[in-house]
Amino acid sequence: MGRYVIRRLLQMIPVFIGSTFLIFFMVYALGDPVAALFGDKAPDPATAARIRRDLYLDRPLWQQYLHYMGQIFQGDFGTAFNGQPVTELMASAFPVTLRLTVVAIFFEIVIGITLGVVSGLRRGRSVDTTVLVLTLVVISVPTFVTGYLLQYLFGVKWGWVRPTVSPDAPFNQLILPGIVLALVSLAYVTRLSRTSIAENVKADYVRTAVAKGLPRRRVVTRHLLRNSLIPVVTFIGTDIGALMGGAIVTERIFNIHGVGYQLYQGILRNNSPTVVGFVTILVIVFLVANLLVDLLYAVLDPRIRYA
Amino acid sequence: MPEPEHPAYDPLQPGQGEAIAPTGQGGPMDLALDEAESLEKTLGDQPSGPREKARSLWSDAWRQLRRNPVFIISSLMILFLVVIAIWPQLIASGDPLQCDLSKSQQGSAPGHPFGYDTQGCDVYTRTVYGARASITVGVCATLGAALLGSVLGGLAGFFGGWGDALLSRVADIFFGIPVVLGGLVFLSVVTSTTVWPVVGFIVLLGWPQIARIGRGSVITAKQNDYVQAARALGAGNGRMLLRHVAPNAVAPVIVVATIALGTYIALEATLSFLGVGLRPPTVSWGIDISNAASQIRNAPHMLLWPAGALSLTVLAFIMLGDAVRDALDPKLR
Amino acid sequence: MLLEVRDLHVEFRTRDGVAKAVNGVNYSVDEGETLAVLGESGSGKSVTAQAVMGILDVPPGRIAGGEILFKGRDLLTMKEEERRKVRGADMAMIFQDALSSLNPVLSVGAQLGEMYEVHRGMSRKDAKAKAVELMDRVKIPAARQRVGDYPHQFSGGMRQRIMIAMALALEPSLIIADEPTTALDVTVQAQVMDLLAELRRELNMGLILITHDLGVVADVADKIAVMYAGRIVEAAPVHEIYAAPAHPYTRGLLDSIPRLDQKGQELYAIKGLPPNLLAIPPGCAFNPRCPMARALCRTEVPPLAQVGPDRASACFFWKECLGG
């Protein structure tokens, strides 16, 4: 197990370098970070040249990247457009998005798995068909459409919730945005658990469990669920990173000042340190989430553990 | 979507109750059968072997598709969308860019059933014309990603070795970048108003998924006995890959690509909504929804029509993908 | 009588129609008795067993008629909860493929102990101790150390021993073994079969052995029922069948066993394929493959008729068959 963890950690390194370099390349090589500093004004050539030198922008790209990463690992993420250090923005934004993601994952697990298990066990019945049609619809309607619709209905028309979230973003205000963020993934979790349950129901070991005279409840919870949920757990784990990245749309709709909001601002204002800094952290979150999923997988499935 | 009735028992499907399967396996009594089967496998090096297998998979799938209402409905919807995307004039006589500010946000009027948007443009005409951008992006991005992904994934799976390892790591790198985020970063530096940067970006982030599927199915197909037999009989790599492996590995790629088409259309709309996808004067549902969103309290019709059209389009492709998957993947029947 | 199956009918609904898997099967097993049920895949032997155990997939399966009397009570009219308590405790089943039949994510100890937890209300700790005992009993070496291992960590033979241990856990009166040795290496087959036979004798259980391997049957079984297309075509004490089969299908089966004294001769094979259960031929289901078939066989279904004191055959021409 220990060796497995180390091997996975080592595999993460090239992926981390590759992903961050790719983003770095897009921002620094395709955009013009210096011009962005001056906004609409034309930069004074001498000043621009000095800034380039200070930021290592006159060096080859790989040197710039190394310089940037070196600074990041010393805790220096650079300065945002409003003069604040990027780390300060992160300190305020990440907890908000983390709360939003927690709410979303919660709904994914509770509603998604429940619906999936129920419809998987009643495959072909009306409950199953209804759930299938619903998930199809949910997957088809893009998040930004459902977001505005639900905001309009619950926030404006019926006034059940605040249409926008206050800056400190407490959990109770994040319920609706959390559901909106979770919705598409929730539908996938439902379908995945349904398929998995429906396949495993026919498995020989389930037949054995029935032949042992176990009560149906025990057959389902102890034998069927544990095996069926392995792929679902994997999906939810990899989804954590995707949710944090995908929160941009939701945060924009509900005016939540989280990671997506800051990133969006950073991109609009062409502020490279903000963009690359946030993306780097997101990539790390994504990789760590994937690692945890792999480890969890090994815990859930002994065949992997001893392989 | 599988048929809503009870899953019918399929006597050819193993695992559901081998006892009544009409063809047996193992045991001295099934000697004749075993022999016939192994004969078929050893004959696999002849092109008729795997090709026939592939052909029967396709004709089986086609027979099942034709009876599936989900497939019929979704393909009619898609046919309609494609026709509209090519000839929007067929059902919309107006010009989507000809707007009258005095009619800003007005409701439906004779000849203008969906009303007007903030600029005073006819929402119906714009909704009809919006199909073109979505369909173009969806189809082109899917073709690109599927081609790139299946070629790279297929080669990596077939030859293995360091190329395979490299491809897997490169795919991991692309998986490490959240899609919407990557789109924001990448497309915000592009200034073109055509659909091609969006298509290019989707291909760039979409191919690893297809490569992964293609690689997996090539590895599975490669392990089939008749492929091994063909190798043993000295078939060359190119012939093996094209004649024996590819026809049997292509089904999962088609399934994933069809479903991806729907999600790519949704992705294009999301990027356009965020202001980095398509740009005016291209008529796009994403842009229209974005513009309408801030006015949802005053004029919800501006949001509902393009949003409905977008959702139905995505739905049609996802339904098609579902139907194709059910037909091509006997395991899921 | 421990178990009596009377006129059992089982159907499966399929895409292309109704498959009649079992068409009026009768058989019985007494305490301490071993019945071998013989037949090709698709003959309905496993489906009958699944119906007896109550583990048929419904739908698509459906019991269309008949009775299954276990210790005098009809299992088919019993309440499900009552039936569940019989299952595993008083009637247990051993499956063919132990690797797929054992739960891959639970330790074998947990899977064995579960029997005691559920049916006897034991604590997890006591159940685990019982699991070790069981593993000792089926001669798994180092049982105490291996009780926490997972199925994939055992060899095929050891896994099948665990299946046997699980079936024997609560000392049931009836065991159904569905091709218990088919998935094993030839060298291990005999060991596992001997173990099963030995434990059966010790506990004086009834055993239904489902197989297509005539070699196994001769050593273990007391009587044989041969099935074809969902019917019993011949039933007889084991030595009588080997001496002289009373049905051409049984004869075909016996003739297709390789024999040392006929070295060099071509192996006999019953010609043709087992019937399609969606369209069982009219008359005797075996008639298209039967070397003795006449006009009568193509129109009339031969009943399973008494042909000796403990013997029955479903062939109009059983006398001819016995004679020649």
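By letter and in written order, the chains are A, B and C; residue numbering begins at 1 in each of them.
Just so it is clear, a residue touches a chain if its C-beta (ideal position, glycine included) is under 8 Å from a C-beta of that chain, and two chains touch if they have at least 3 such contacts.
Just so you know, these numbers come straight off a predicted model, no measurement behind them.
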Item checked: Chain pair with the most C-beta contacts -> A-B
Next item on the list: Please name the chain that ends up farthest from subunit B once chain centres are defined by their CA atoms averaged.
Entry: C
Note to self: I'd like the Å distance between the centres of subunit A and subunit B, where a centre is the mean of that chain's Cα atoms.
What the structure shows: 23
Next item on the list: Find the geometric centre of each of subunit B and subunit C from their Cα atoms only, then give the gap between the two centres in Å, rounded to an integer.
Entry: 47
Note to self: From the mean C-alpha coordinate of subunit A to that of subunit C, what's the distance rounded to whole Å?
What the structure shows: 52
Check: Which subunit C residues touch at least two other chains?
Finding: 57
Check: Using the touch rule from the top of the page, what residues of subunit A touch 2 or more other chains?
Finding: 202, 204
Notebook entry, point to check: Going by the touch rule set out above, which residues of subunit B reach two or more other chains?
Noted result: 6-7, 16
Item checked: subunit A to subunit B touching residues, read off their complex -> 11, 14-16, 18-19, 22-23, 26-27, 30-31, 123-124, 129, 132-133, 136-137, 139-145, 148-149, 151-152, 156, 195, 199, 202, 204, 241-242, 244-246, 248-249, 252-253, 263-264, 267-268, 270, 275, 279, 282-283, 286-287
Item checked: Residue ranges of subunit A touching subunit C (in the complex, touch as defined) -> 202-205, 207-215, 218, 222-223, 226-227, 230, 300-303, 306
Next item on the list: Sort out for me which residues of subunit B touch subunit A in the complex.
Entry: 1-2, 4-7, 15-16, 169-170, 172-174, 176-182, 184-186, 188-190, 262, 266, 269-270, 273-274, 276, 289-290, 293, 296-297, 300, 303, 307, 310-312, 314-315, 318-319, 322, 331-332
Next item on the list: Provide the residue numbers of subunit C that touch subunit A in the complex, in ascending order.
Entry: 53, 55, 57, 84-89, 92-93, 95, 97, 100-107, 114-115, 118-119, 150, 152-153, 166
